[in-house]
C-alpha cells in the first residue's frame, strides 16, 4: 500500500467520521493484510494532510479525542451563511455552571450552588448532559449520595481543546483589599478602628 | 471604588446595563438598582438579569459605589417579605398557568427571591455584629463577620470570569464548523463475535450434561476422527453420488487411517446414510446415497 | 476576492453543508460587498475543485440537487470499517448447536434437537451457515430428507485447528469417569486398540 493511498484512506475516514478519530482508531481501519501501517506512518500521513490543507479552507486539527477536519476560522463567516438559524447562545447561568464543573470537577450540584449563591436549575444540568458536555463521574458518599459531575471528551472537542489544562487559567482571587474597601465604607472602618483602640 | 470610573470592571459588568433594562408597564426601565431594594414590578426582570444575590452584590459594589452601611436593611427585609407574600398569593389565585409560566417556573422565581432574602439577612447580620462592641477574649472564634461574605464574593467572581472566558473560546457550531462527506457506497463492516475453543467445548459439555438429565437419553459418541471421516465420505458422495469402496482407503494413511475409514463406513451404514452395492459376487463394491 | 479564495469558500461550504448545494445557492454565500462572483466564476471554481481532488479519496460530483463531495467508491470499504458494528455475543443455544455439529457430524437438526431437548431455531442454522462454519453434507434418506450438517475448513481455520480431532478431547470437556461407558462406544475402544497395535 503506497503512502499516497494511506493518506487518502485517512483523509476519507476523517471526512466521513462523525467524530474525531485518534491514531489508534485510524490504525484499525487497515486490516492485517493491508500491510498495516504503524503509528509512525499514520502520524506522518496526518502531518502530510495537515500540510496539504495549508492553503485550503479546511484545516486538520487535533482535539481531545483525536483528529478532525474543520472549517478554518477565516472561512467560518461564509459557512455560517449556510444556515438561517443562529447558533445557540447559552445563558450566563449555564456557562457559570459549566465552568464550575470544568474547573472544580468532580463537583456536586450543592457545591456549585454554594459558590454561585443560587440554585442550579435541573434544565441547565439536562442541557449540559444532552450536549454531552458533562457526565456523572460517581456519587459523593455523603447523605443523599449526590452525583459528582465532570466534563467529557466531547466538551474538550467542542471547545477545540486537547486537554483540560488548556482551559484559560482561572483568575487569581482578585484584589481582596479593593473588594473589601468597596464593600465597607470609611465610616465602617472608622468604627472598627475605634473598637480596636477600645480593646 | 469611590471614583466610579467608567472603564473599570466593564468586562464583568452585565451587558444589560447599557440598554433599557426592560419595558415595565409601557415605560423603559433603565434605572439599575441602587441597593438591594428591587421595585416589585421589575422583580422578575432583575431575577433574570442577575445570576443571584452574589452577582447583584458584585455589580452594586463595582458600579454603584455601594455603601453597605447605607442600606436600609430593615426596609429591604420588609419589602422582600412583601414579594414573598405577593408571589404566594399570585400562585394561589391564578393556579396553574400564570402568564404562560408553569407553576414550576413560579416556584423557581420564588426560590430565587428567597435567595435574595437570605442575602439581605446576611447583610443585616453583618451590620448588627459590626455595631455591637466586641468581647475582647473571643478573638479567634469571633472572626470578622465580613470575611466570609468577601471570600464568597471573590470566589464567585472568579467563576463568573471563567464563564466568560469559556464562552469566548471558539466553539464548534458557533465559531468552528465540522465538515462531513458522505460515503454512499460504504456499508458498515459486519463484525462477527469471537468464539474461543473453550467456549465451544464448554457449550458441548453443557449440552451433554443436559442430555443426560433427560433420563431416557443415551448419548453415544464416536471418536471425532470417525465423525470427520463420515462427513468427508458424505461430502464426496454429494459430488459424485457413487464412490468405489476402495477409494475410501488410502495406504499412506496407515493402519489407523484404514480403521477410521472402516469405522466411519460402518457408522454411515448403521445410520442408513449410505448404501453398499455389489453388482456381482467378488465385483467392486460401490457406495451410494440410499434411494427412498 | 481572489480565485483561490472563491474556491476555498465553495469547498468549505460543500464540506460543511448537510445536503448538496447548487450554483445559485453557492452564489448566495457571497454578500454583494464581496464582489459577488457570477455563475461562470462559480462553475470555474467547481471545475478546479473537481480537478484538485482527482488524486484524492473524495470526489466532487454533481447530483440532482447540486454538487457534493463524496467518498470515492474504491475507498468505501475503509469507511465501512469505520462504521463496523460492535459484534453481539453468540447465544448459548448457538454455541451448543455448533459444538454438537462439530462433535457429532454428520448430524441432522432433529438429532441436535433430540440431544439439546429443545428446538434449534432456523436463525441459528442460518447464522452458522453465513459464518461459513457449517455446511450441508447431504440429506438423510428418511421422510422429509433432513439436511446433514458438518463443519467446514473455515471452522477449523477460525478455531486454529488443522483437523477435527484436535478439538478438545471429551475427557477434557467433562469429568468422564462416571460416564465413561456412555461416552465411548465399542468402536472407540476398538480404535484405541488398533492404535496401540500400530505403535
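Per-chain numbering from 1; labels A, B and C assigned in written order.
The working rule: a residue touches a chain if its C-beta (ideal position, glycine included) is under 8 Å from a C-beta of that chain, and two chains touch if they have at least 3 such contacts.
Nothing here was measured: the structure is a model prediction, and the numbers come from that model.
Ranked by how close its mean Cα position lies to the mean of all protein Cα atoms, the top chain is B. Distance from chain B peaks, on a Cα-centroid basis, for C. Chain centres here are Cα means. That of chain A falls 16 Å from that of chain B.
Separation between the centroids of chain A and chain C, computed from CA atoms only, is 36 Å.
Separation between the centroids of chain B and chain C, computed from CA atoms only, is 30 Å. In chain A, the residues that reach two or more other chains under the touch definition are 12, 15-16, 58, 69, 71, 79.
Residue positions of chain B touching 2 or more other chains: 177-183, 186. Here chain A touches chain B in the complex through residues 12, 15-16, 18, 58, 68-71, 73, 76, 79-80, 87-88, 90, 92-93, 95-96, 98-100, 102-103, 115-119, 121, 157-161, 167-168, 170-174, 176, 178-185, 187-188, 191-192, 195, 198-199, going by the rule given at the top. Listed in rising order, the residues of chain C touching chain A in the complex are 4, 8-9, 11-13, 15-17, 21, 28-31, 55-58, 69, 71-72, 75, 78-79, 81-82. Within the complex, the chain B residues that touch chain C are 177-195, 197, 199-212, 214, 217-228, 230-231, 234-235, 237-238, 254-256, 259-260, 263, 266-267, 271-273, 289-292.
Listed in rising order, the residues of chain B touching chain A in the complex are 1, 51-55, 61-62, 65-70, 108, 111-112, 115, 119, 130-131, 133-134, 136, 146, 149-150, 152-167, 169-183, 186.
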